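The following blocks contain the structures, represented as structure tokens.
The same subunit A turns up in both complexes below, where it pairs with subunit B and then with subunit C.
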Partner chain A sequence: MEPLSWTGALGPWLVPTLEAALIALALAALAHPLALLAGYRMGPGPEASRSGPGRAARLTGGLLRLSLWALAAVIVAFLIGGLLVQPDAKGILGRIATRLWPVWLSLGASFALVALFRRRLGLVGHLLGNPAGAVGLALVMFWVFAALFADQIAPFDPVTDVIAGMKNKPPGTPLPPPGDAAYGYYLLGGDALARDVFSRAVAGARVVLAIAPAATVFAFMVGITLGLPAGYLGGRLDILLSFLANLVLAFPVILLFFLLVTPEIVAMGVPTYMAGALFLFPLIFLTILWNSRFRTRPPLRAALIGATLGLGGWLYAGLAWNADPLGIVSMPAGVLIVFVSVVFVNAPSVFRIVRGLTLDIRTRDYVAAAQTRGEGPWYIMLWEILPNARGPLLVDFCLRIGYTTILLGTLGFFGLGLAPESPDWGTSINAGRGLLQFVPFPPLVPAVAIMSLVLGLNLLADGLREESLKE
Partner chain B sequence: MAGFIIRRLGVMALTALSMTFIVFLLTNLQPNLEKLAKTQAGARITDAEVASWIDRNGYGAPMLTRYGEWLGVLPAPLTTDADGRAIGGRCLRGHPGLAAEEVPRFCGVLQGDWGYSTKFRRPVTEVIAERLQRTGLLMAWAFATMVPLALIVGVLAGMREGSALDRGLSTLSIATTSTPEYVSGVIFVAIFASSMVGLKWFTGSAKSAVEGATFQNFTLPVATVALYGMGYIARMTRASMAEVMTAQYIRTARLKGLSFRAVVLRHALRNALIAPFTVIMLQFPWLLTGVVIVESLFVYPGFGDALVQGAQNNDIDLLLAVSVVAVIVVLATQLLSDIGYAALNPRIRVA
Partner chain C sequence: MTAPLLEIDRLSIAFTTRRGDIPAVADFSLSVATGEAVGLVGESGCGKSTVALGVMRDLGRTGRITGGTIRFRGRDLGTLSEPELRRIRGNDIAMVYQEPMASLNPALRIGRQLMEVPRLHRGASRAEARDLAREMVADVGLPDPDRILNAYPHQLSGGQQQRIVIAMALMSRPALLILDEPTTALDVTVEAAIVDLVKGLGRKYGTALLFISHNLGLVLEACDRICVMYSGEAVEQGPVRHVFDRMRHPYTQALFRSIPLPGADKTTRPLETIPGSFLMPQDRPRGCNFGPRCTHFKAGLCDAAAIAMRPVPGADDHQARCLRFEEIDWQSRPPAPEATAPGEVGAPVLTVSGLRKYYEVSSGGLFGRRRRKLVRANETLSFEARQSETLAIVGESGCGKSTLAKVLLGLETATAGQVLLDDREVQETPIQKRGPRAVADLQMVFQNPFDTLNPSKRVGGQILRALEVFGVGATRRARRERMFELLDLVRLPRDFADRMPRQLSGGQKQRVGIARAFAGGARIVVADEPVSALDVSVQAAVADLLMDIQRTRRTTLIFISHDLSIVRYLADRVMVMYLGHVVEIGSTAQVFAPPYHPYTEALLSAVPIPDTRVEKTRIVLEGDVPSAIDPPPGCPFQTRCHWKDRVPNGLCARELPPMVELGSGHRILCHLSAEALGEMEPVFRLAAE
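Right after this comes the complex of A and B.
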């Protein structure tokens, strides 16, 4: 079989169009700021600023918008065309688009649902009207669905499918002759161990998206449980906790990772003890939450706290100590270490944000009203202050998932924590960076994957911030 | 002001003490000492030899005692053989062959002795000084590219909030903050230094920059460090600029009949640059992490590389010195940014 080209049969039409759109975009992007600046300089003072940009600027602005739309249209044409043409005529892009069909289907379905109910969805509904937020949401959902359907999308097993002769091959290389494998090509080439780069990138999404959001939730639990009393009660507790938080933040992140994740320290059980301490916080948080709210309704309080402690304690025993009596819940050692160090690094920043927000909100009238009613301090913290801090916290949560993804990549980049054959993106970059100048694709594909996911999360956070400011 | 600075310096000393103690604790755990013994005395030595190596070289005393020895408040014992010759001990490291009487009793940080790097087999002070110089060069270039670019982007975006220029530049800033160093480094090398695209404008390794940094071998590391921090400073500048542009005195200047250009350059710019100043100072500690990644990716033997090497080889004294330098950098920049903020903004007075 012939090696695939990037664009297949669509190439002759779409590649020139793409080039034209790109050149137009570059020209307009260069000319537009210049035209704007020139407009300000030559405009006769206040009239120029009142009537907006000049004619030249309006022209370049229009060109900029037009070329952006053209570029988007060409990219969509690549995807749709790649999906529709005959299998033999497909290039690498077309084949990748075809492999990703479950993602397109779910993306389309979920966006249609959001658009249908946008009135009732509040903030998420508003996001669709915000270009940055909508693009961010699409990027994030793309990776979420890719992680969900990784088994259907990836043509090969990311770890065990090692095919002789495919080592360091360029994208689109067909498999060697006895082609009895499930799929005929390595779409994005082979890595240094002859594994499929495309399958590993898709499987990596699953690892990253399983760890990053969960670790961020845990960091928020720790930061909220400690930050609320530090800000609301103040005093010695605040001084002590702030000192500890600043201490952790003053550590160079990478030194901390090295100190926590080296095999000798892991053998001493340091990460397990840290997990034992950090994983307690969600239990404490939920228990205080129910207790402060339903103090006056003992049966409901007992039921909720009992359920929390029973279910949470079971999960806690399994996740932190690997001691689930039923043997269902457990966490692989490498994942636990990575998880704990990421939570540990993130929690102090969340603490500082929550503390700052609490210091601000505790001076409001509704807090004074609750104090006059005789509510306890924990009720005020968890049911008066926390709900009113949700806007900034939600934005920070999105940003922090992105930052956690970057931290996970950093850990992988230094070969810390996860097993060396793990398909996660950081580990793949680390494995491929030695031959980067000669075989760029094995590290390049996960690098672009990290970038697009984090970009999506940051755009989403930006959109959420804008929309919540409007309300 | 003086009281404020003294209090901050006290907190700084306390933080440095706690931090070095934690690093000391983690690097001196028994398995780590055994690993050190094996890398120093040979990988095939028996358990008994490991134990005797640890005792002979002064790693056997209780943890707190040895932390005191590192600080220089406790005397470090010297091991001598039957003839009274010095054969091991904290103060002998790095000075083999010194007679027993000449070995100082105290050799800690307070005496100005930062110890001996077991990985590089040189005094830690020498290693750190040489490495900090190299990293300083990298940081200086990164700052010189990052700060002006970020400020320009931020001011251009913030002067007309919501315009097409603002949207474009803001998206660009978000894109750079989403690109960690190991991602942008890989992409840069693939485009500008690999045989795939074939541009080969720059080299993918900065090893030769030790002898002399050139445009060819230093551009990619500098660009990689600068890119990640740039977006953040630009976003802060934009926010500050946008806020200033809605202020009363800007409206007054507009109504006075000044041109938009004069309003931006003379009235808005100076006030808009106060907030980013803080952010720029606080970028130093951030750059430290970035520098570790970039030095590791581009094989540049600087401070970050010393950190990685020290951590991989459990080089206790080197790691302690690295963490002291790091904590000083972090806390000193915090202090400087607070003082500078107060100095730039007459409305703020530090209590």
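Right after this comes the complex of A and C.
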């Protein structure tokens, strides 16, 4: 079989169009600032100041917009065309687009649903009207769905499918005969151990998206549970907690990670003890949440706290101490270390944000109203203050998942925590970096994956921030 | 007359939003002559600030002028280029905003900020600019200009900051000064001084003033002409006294009838509220914008077509946007609702004796020696509040009234003295230990309507939580029913229960706050400035609601306020506080008539009254309220008192005066002799008509 070209049968039409669009974009991007500057300098006349930029600037601005739209249209044409043409006419891009069909379907369905109910959805609905937010949401959802459907999308197993002769092969290389494998090509080439780069990138999304959001949630639980009382009660407690937070923030992160994976330290059980302490916070958080809210309704309170402690205690025993009596819940040691370090490093920053927000919100009259009702401090912190801090916290949550993703990449790159054969993006980049000059794709693909996910999260955070300010 | 300095002709301004354009100002015309002071009056949302920003051409990215022209000295501001506009802004037109701290750069010394103006606009040298700045600081009545020039903004008080902002605006000798609610953030006595200053300086420099305010009394004092705005339009304009005496637009009249003037009384002549509520710009009706709320509305006439301003005979330049002003009988009042019997004042429910509250603050940092300082927030307060009575606590910021409220409610415990709630001592019981019944009995209504409700919880849920905490109702359903009854009580529709606070107007939020306070059947309600942040027409409705609830439930209302007009209208007894002391206490009639405590006298004279018949003696207090960390020896008020020289031997500076009984519960904290007190004249009287 022939190696695949990037564009397949669509190439002869779309590649020249793409080039034209790119050239137009480059020209417009160069010309527009010049035209703006010239217009500004020449335009002290009354018309110029009222009608905004001059005619030249309007022309280049229009060209800029037009070429951007053309570029977007060509890219979409690549994807849709790749999906639609005959299987043997597809290039690499077309085949990738085809492999990703569950993602497109779910993306389309979820965006259609959001658009349909955007009036009732509040913030998420408004997000669609915000370009940055919509693009961010699309990127994030793309990776979420890719992680969900990784088994359907990836043509090969990311770890075990090692096919002889595919080592360091360029993208689009057909499998050597006999072609009895499930799929005929390594779409994005093979890595140094002859595994499919495309499959590893997709499977890596699953690892990353399983750890990063969960670890961020834990960091938030810790930060909130400690930040609220520090800000609300103040005094010695605040001084102590703030000092501890500064201490953790001042400790070099990478050194901390190296320490945590050192065999002697692991043998001492330090990561487990840390997990034991950190994983306790969600339990504490939920318990005081229910206790303060439903103190006037004892039966409901007892039921909720009981459920929280029962279910949470079971998960806690399994995750932190690997002591699940039923033997269902457990966490691999490597993942536990990654989890603990991410929570430990992120919690102090969350703590400081929550503390600052609390200091601001506690001066509001509705907090005083709750005090004059005789509400306890935890009710005021969790039910009066925390909901009103949700805007900035939500934005920070999105950004922080992004940081955590990068942190995971860093950890993987240093070979800390996760197993060396793990398909996660950081580990893959580390594995491929040696031959970067000659075989660029094995490290490049996961790098682009990290970048696009973090970019999406940052855009989403920007969109959320803008939209929540508008309300 | 020559051509006016500023001529706004048929100005329309719109803001672009998600849901299309919102017309903020429509068909607005106004002219300001050189040296003239024009007041722009209206409730929030009427577009008065938008007009000012339109004149400054500072409408932001979403706002734009959709029609009409603004001419300044005959030049159309709309045709000027950005550099030309910049030359006019700050140089010929200056603006003073509501919040002084927002207009000053906190990182630069005052002197530097003032000197910047002549250096930028006229290229003055450093020394020249500094001299100008010093002169201007002296002109705005600040003592010790050199010290002020070297100070940072945060080292000055609010009143001083606002004076600096005015000085900065006047540095370039502008022809027009726009003041956007310049005194709203300040205390009454400071406000009076600032208004005097602005008036005097306008006259001295021949500056024209465009004075934007919601306070009709201030406009009467400061302005020559007035323009009343409603819903984006000017509805009436003309010479101030003419408009005040012979108003010819129903909205102007409704506005005047909703503010407590001397003579209004909560039982015999209650305030009239304007029916209906303010319409959003996009819901404006055809024809008269005020039509849906107007008692003189005539279908087919008022809603037929857009209405233009029409001249009112009797004075030049008096115009009103009403088609029927010739037909309306302007003297008639709707029949007063039958006088409700005033609630009978019962036994004392709250007795405070010798209450003191000191806070300890420590200063000095890591290396300095730690020094403990005492803030004397409350000094030996003694008073009682009876059942079904309204006791007003009056005083300026820093007088200790909020601390007193905190101690009463149990958010703080007293340093010394006794607070008796019925017969129980509660001065040392923090609120968590008071038990649900005692907590429910003593509740509070807060000042800021935008802050009083938790923005992320539904209205009904917030009232339900109060019911839950106070142990009202056995089941969820019973509590829900009770919550609806409370909404009825504060005259809000029941479906408001499912709304979020942001969907409510300020007045409606305040009503929810009141409903929440009464959730547990409160017997004593501390209302901390409950209406001062509301528009005047809404103030009347909320104040009357409080009075109504009080009458039916025999509640004791402790009404904290700095607004003496409203206090006079609804209080039974008044307690005046200054620097932690009660300086005067007595029935409303006693406190508002001589003999006064010198501070009460100054406070009363500072209140602007929007009635041309009232003649006032002006007593402007010098300086600021002293700090409670370092109070002056002797009488707390001696540093600013006008009567001090009537007391022999400098007694005021040495000894705290005794509380002198002047008859039937009227007591003042003063050294003045009975003769001196007898010489006091009323601060204001109604001139014969």
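The criterion applied here is as follows: the second predicted complex is superposed on the first by the 464 of 471 C-alpha atoms of A that agree within 3 Å, B and C clash if a C-alpha of one lies under 4 Å from a C-alpha of the other, contacts with A are read in each partner's own complex, and residues count from 1 in each chain.
Definition applied: contacts are C-beta pairs under 8 Å (C-beta built on N, C-alpha and C of every residue); 3 or more make two chains touch, one makes a residue touch a chain.
This is a predicted model, so every value here is computed, not measured.
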Subunit A as common anchor, with subunit B and subunit C clashing or fitting: clash
Partner chain in contact with A:371 - subunit B first, subunit C second, else both or neither: second
Touching partner for A:129 - first (subunit B), second (subunit C), both, neither: second
Contacts of A:137 with subunit B and subunit C, given as first, second, both or neither: neither
Partner chain(s) touched by A:258 [first = subunit B, second = subunit C, both, neither]: first
When both partners are placed on the shared chain, which of subunit B and subunit C touches more of subunit A: B
First (subunit B), second (subunit C), both or neither touched by A:458: first
Which superposed partner A:335 touches (first subunit B, second subunit C, both, neither): neither
Which superposed partner A:212 touches (first subunit B, second subunit C, both, neither): neither
First, second, both or neither for A:4, with subunit B first and subunit C second: neither
Subunit B collision site on subunit C, chosen from 5-13, 41-49, 59-67 or 77-85, when both complexes are overlaid on chain A: 77-85
Where subunit A meets both subunit C and subunit B, residue numbers: 43, 45-46, 48-49
Partner subunit A, residues of subunit B touching it in the complex: 11, 14-15, 18-19, 23, 26-27, 29-32, 34-35, 156, 163-165, 167-168, 170-171, 174-175, 177-180, 182-183, 186-187, 189-190, 193-196, 204, 254, 257-261, 285, 288-289, 292-293, 296-297, 304, 307-308, 311-312, 314, 319, 322-323, 326-327, 330-331
Subunit B-facing residues of subunit A, complex: 29, 32-33, 36, 40-41, 43, 45-46, 48-49, 53, 61, 64-65, 131-132, 243, 246-247, 249-255, 258-260, 262, 264-265, 267-268, 270, 402, 406, 409-410, 413-414, 426, 429, 433, 436-438, 440-441, 443-444, 447-448, 450-451, 454-455, 457-459, 462
Residue numbers on subunit A that touch subunit C, as the complex places them: 43-46, 48-50, 129, 296-297, 364-366, 368-369, 371-376, 384, 387-388, 390, 470-471
Touching residues on subunit C, where the partner in the complex is subunit A: 18, 78-83, 409, 411, 431-432, 434, 436, 439, 443-444, 446-448, 451-457, 465-466, 468-471, 502, 513, 516
